[in-house]
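Each structure below is given as structure tokens.
Each of the next two complexes has subunit A plus one other chain: subunit B in the first, subunit C in the second.
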Partner chain A sequence: MRLGRWAWLLPLPLLAVLGLFLFGLGELVWSSFAGPEGFGLDRYRQFFARPDYIDVLFRTLWVAALTTVVSLFISYPVAYFVARYRGRKDWLLVLIMLPWLVSVVVRTYGWIVILGNRGLLNEFLGWLGVIDAPVRMLFNTTGVVIGLVHVFCPFMILAILAVFLQLERQLEEASMSLGAGPVETFWRVVLPLSLPGVISGVMLVYLMSTGAIITPLLLGGLRDRMLGTQIYQEMFQLFDFPKAATIAVILTVTAFVVVLPLQWLERRVSRNLKGAA
Partner chain B sequence: MSQTDTLLAIDRVVKTFGSHRAVDGVSLDVRRGEFLTLLGPSGCGKTTILRMVAGFEHPDSGTIAIEGRPIQGVPPYRRPIGLVFQNLALFPHLTVGENIAFGLRVRRRPQEEIARSVDEALALVELSGYGERRVHELSGGQRQRVALARALIIRPAVMLLDEPLGALDLKLRRQLQLELKQIQQRTGTTFIFVTHDQEEAITMSDRIAVMNGGRVEQVDTADRVYNRPSTEFVATFVGDTNLLSGRVAQAGDGEARVSVPALGRDVPAPAGSLRAGDPARLSIRPENIRIAGPDAAWRVEAIVRDVVYAGAAHRYTVEAGDMRLLVAAPANPGTAPLAPGQRIAITWAGADAALLAASAA
Partner chain C sequence: MKAWSIAHRTLVAAVLLFLPAPILIVVLSSFTKAGYIGFPPGELSLRWYAEFLGSADWLATMAISAGIAALAALLSTTVTFLGALAITRQRLPMTQGLETLVLLPLIFPHAALGVIMLGLVGIFGWTGEFLGLLLGHFILTIPYAWRPIVAAMRKHDLAVEEAAMSLGAPPFYTFRKVTLPLLRPGMVTALLFTFIISFDEVTVSLFLVGPDLSTLPVKIFSAIQDSGSPVIAAISAALVVFTMIIVFLLDRVIGLELFVSAEERRRPAA
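Up next is the complex of A and B:
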């Protein structure tokens, strides 16, 4: 490569983007502290003084946690299956990523068709005779969690799969040759060795769930707002930018309260696994 | 050998992958306490046999029995086997001690017993004091020993070792060969050891099973495999040899004579199952060909073409008739080696050669 003396130009676009991002972030944080009566925590006090906002905050954490846990339980077996699949894995990967070729909005509408009071699922359950009256699965927390799980599962699967693909099959065979049955091999070998992938998947999905907007907007109830939709509302319906900034900062801080310990844990686990595979 | 001495019996086992016969009708009796080596070129089915004994692959036909009981359908975790993989497969999330303790933990042994056994196992493989280390802090040779200790601690009836020394450098390899053999003798465990290194097989084994293309060609002591190969493949795979094609001219008891067109004469060979007129191959090791003295019973003229000094012996390439032969002669400090171009006569004792049926190819 003969870039010569122009090579220093290459990082410029990256620096520009980074600069813009940092500027925006700084502006955001600053505006959340700057009030009409000067610099201070006023906006934060106002936020925490309102029970409905506290509700929104806790609903956000709850939905994110639920989404993460459900995604984990769905993704873990899928990732394991893909990793151990003897045929062509690339097709399975395409299948997993396929939903991403469709816009989130369209997919979310798909869920409305399925989960609605007269949706496919309720009709089916009614036809089976399992239920008499339709189960509310839409415009409440259930709907949001279902929608979010659908959107974020591929990330969780890929995060866990990345670890499984490096996991030598012979480790499981070694465990079995030492007398451990399949269940015991899972608990003693497979699970501990896949923890780094589980933790990164959990962090990823948790972070994305706390900040979700479109899915809760479309599938959540009017009263079941989340922090993301609240910010959206403050900005685009009420044009209260400083309040939106305050909520955004609160959202970021609460997310990090969960993610930082996870990150510490991941580093610890990974260090223990050094030299794996 | 009486029947009771057989610990592991492999009987006419066939295993195909797709259309490829990886194991093509192998029968093998492994005796209690013996060190048996599966020796053969890459892809001949050694690993597949071990994996079938361990229970990770299943024979298409044939049976495998341990202590006379067929183990078909017994899952790997209920078979009395210990396994050492080529890549060792140590658990990276566990310490050395925890790796070794694994088999006992799974068996829910009491804590004190586990601690004691682990200490003993560490001592056995000369790693006392390494129990707290993490696996990635060990050298290749040390990891090797951990893998061995981990498998031995469950006191398996049969230890299966799949080229466990393959990744080590030559010096360490030699040292571990000795240690492995000593450990095997001290514990009295039956070892099935896989290698494609014939020297390794010869130094370590009580018996060697030489494999080729999914079949066992010969099962014998190292000495007999080397000196009494029963097929052409065994003769060429184990050590260097000269192969002479010809026809059995005369078959008596004790000695036969084979006419070798390339040499233009009959040469002596040990009597075998071949009859006069049968096509045959004669295998004669380089060190069994001697420079003919005046009292030699027979001789053939030859010209020295090439000399290589190889440690304790000179290795000559000589031309005799229409063929080239390898000759190894001990290096005598007193006498000068033969020089290229020198005319000599060579001979060998019929009993030192091996008479083999000519292979179809």
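Up next is the complex of A and C:
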């Protein structure tokens, strides 16, 4: 059905709302440059002059990278398993999607109950006699990474699974029947074909780990700060919007440095795969 | 190979236990009788549910969260539907740009999105108000409405409409009787998905709530920091039940497997 010559009116409400978002984005960047002594890089200089802020920046990168790598290694086998599972996949998918959609606060709260000094895990290890004193798993980087991996690895599983579901099982069978062993088939057929999913999963998990606030705040405490928690602190304990905006811009750049090249790579890889098929 | 296979299965089993574990533990420990949270819960009781359901404050917050989620879902599904309708049927010069713009909020870290929204809402004087939260959630949920709707529109064959029209059906009748039913699963998926994204959202909402107005997840967050009373576990259990209902409905409407594959199709064609 043709929509007629008024068709261009239809996307206008959508454009208007997204325009508001762009406006907010512009305002954020603007307030990070507009200092008390006029327009300039003052706020950025102040940020990079503080060693504790540099620490926070590097800790954010480290925690995000660690979370991404751990998520990838535990998610890939799960995605592969689910994709190749011959029975009804719905129950497996519920086990992944339900945790994915339950609020981050609820899941993080669960980790407090599990990882605390008098939590489930310490009580259990003590009962086994493995440890004498509780092991500190909360309010340090370990706790934050466990929590972040738990919160974000469903994104990775689903991104990889989405690619696997489109992939023909016959390709593997063809490779095997042509004489390649399972290991060679994996390295030369399965893995290359799943790369678009891997790249988009890595992108998502890295992006979201850098910008997390709730999990690092609840599991890491105030000592183990990240850029997200720093923004939260500047905003709600010091009420310094321009400073929060500056850190938000730095955070966004930190994310983009990784995300944009990956996005480009993902497009290239998908195009190559489509060309080959 | 056998050893590999066993290792693989063990790892998968471990991850599939790891994912629901903290949620299960929160739900189970909500039935404790004790005044502190812990697992195993010890003596069982429903006292924390009684406290939750007896608290006007918590119930009001839950109503606010549900209201925001419902409105945000309706708004973002409607504007996305209109936009997607135009770009999937008409060659408009803005097609590529529009898709990039729609998916743009997805590539920002949430903490940065929070500051952006706070600045934006401040311009309207809606800081800490219902409309501010609603605007934030509206913008935030649009990308999640976009994928299922565009996937549904690209999937269905326009020839069916032409068949209806050539058999004499007037355009609006065709739209109502042919087009909408074909798009319904995509639309319902968009509504459910955006509802749950908004209902569970916490990081961006953290920036938009005010002293007199909060959403359920943000209030849970503050309560964890302040008290740690088991009433939090009871409320969390309610949130989990909400999510379970949505996942169940998603399974009924399009099936979880199709939902996951549709995630793949949404990517801009390379």
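One rule holds for everything that comes next: the second predicted complex is superposed on the first by the 256 of 277 C-alpha atoms of A that agree within 3 Å, B and C clash if a C-alpha of one lies under 4 Å from a C-alpha of the other, contacts with A are read in each partner's own complex, and residues count from 1 in each chain.
Please note the rule applied: a contact is a pair of C-beta atoms (placed from the backbone, for glycine too) under 8 Å apart; a residue touches a chain by one contact, two chains touch by 3 or more.
Note that the structure is a prediction, hence the values are computed from the model and not measured.
> Is this a clash or a fit when subunit B and subunit C both end up on subunit A?
On the superposed model, which is not a single observed complex, subunit B and subunit C fit side by side.
> Determine, under the contact definition given at the top, whether A:L148 touches first (subunit B), second (subunit C), both, or neither.
Neither partner.
> Would you check which partner chain A:V63 touches, where first means subunit B only, second means subunit C only, and both and neither mean what they say?
neither
> Take the Cα centre of subunit A as the vertex and report the angle out to the centres of subunit B and subunit C, nearest 10 degrees.
Given the fit on chain A C-alpha atoms, the answer is 80 degrees.
> Pick one for A:M156: touches subunit B only (first), subunit C only (second), both, or neither.
Neither partner.
> Between subunit B and subunit C, pick out the one touching the greater number of residues of subunit A.
Counting residues of subunit A touched by each partner, the higher count goes to C.
> Figure out whether A:M137 sits in contact with subunit B (first) or subunit C (second), or with both, or with neither.
Neither partner.
> Scan A:M176 for contacts with subunit B and subunit C and give back first, second, both or neither.
A:M176: touches subunit B, not subunit C.
> Let me test your reading of the model: by the given contact rule, A:Q166 touches which partner, first (subunit B), second (subunit C), both or neither?
second
> Touching A:L193 in the superposition: subunit B (first), subunit C (second), both, neither?
A:L193: touches subunit B, not subunit C.
> After lining up the shared chain so the two structures overlap, which partner does A:I114 touch, if you call subunit B first and subunit C second: first, second, both or neither?
second
> For A:Y232, using the defined touch cut-off, is the partner it touches subunit B, subunit C, both, or neither? Pick first, second, both or neither.
second
> Rounded to a whole Å, what is the shortest Cα gap between subunit B and subunit C in the overlaid structures?
Nearest C-alpha atoms of the two chains are 11 Å apart.
> Would you tell me the residues on subunit A in contact with subunit B in one complex that are also in contact with subunit C in the other?
274
> Which residues of subunit A touch subunit B in their complex?
Residue positions touching the partner: 168, 170-171, 173-181, 184-185, 188-189, 192-193, 272-277.
> Residues of subunit A touching subunit C in their complex?
Counting only subunit A, the residues touching subunit C are 1-3, 7-8, 10-11, 13-15, 17-18, 20-25, 27-28, 31, 74-75, 77-78, 80-81, 89-90, 92-99, 101-114, 118-120, 150, 153-154, 158-159, 161-163, 165-166, 182, 197, 200, 207-208, 210-214, 218, 227-228, 231-232, 235, 241, 244-245, 248-249, 251-252, 255-256, 259-260, 263, 267-268, 270-271, 274.
> Residues of subunit C touching subunit A in their complex?
1, 8-9, 11-12, 15-16, 18-26, 29, 37-39, 78-80, 82-83, 85-87, 89-90, 92, 94, 98, 101-102, 104-105, 107-120, 123, 135, 138-139, 142, 158, 161-162, 165, 171, 174-175, 179, 196, 199-203, 206-207, 217-218, 220-221, 224-225, 232-233, 236, 239-240, 243-244, 246-247, 250-251, 255-257, 260-261, 263-264, 267, 270
> Quick check on the complex: what are the subunit B residues that touch subunit A?
54-56, 75-79, 81-83, 85, 87, 89-93, 102-103, 105-107, 134-136, 150-151, 154
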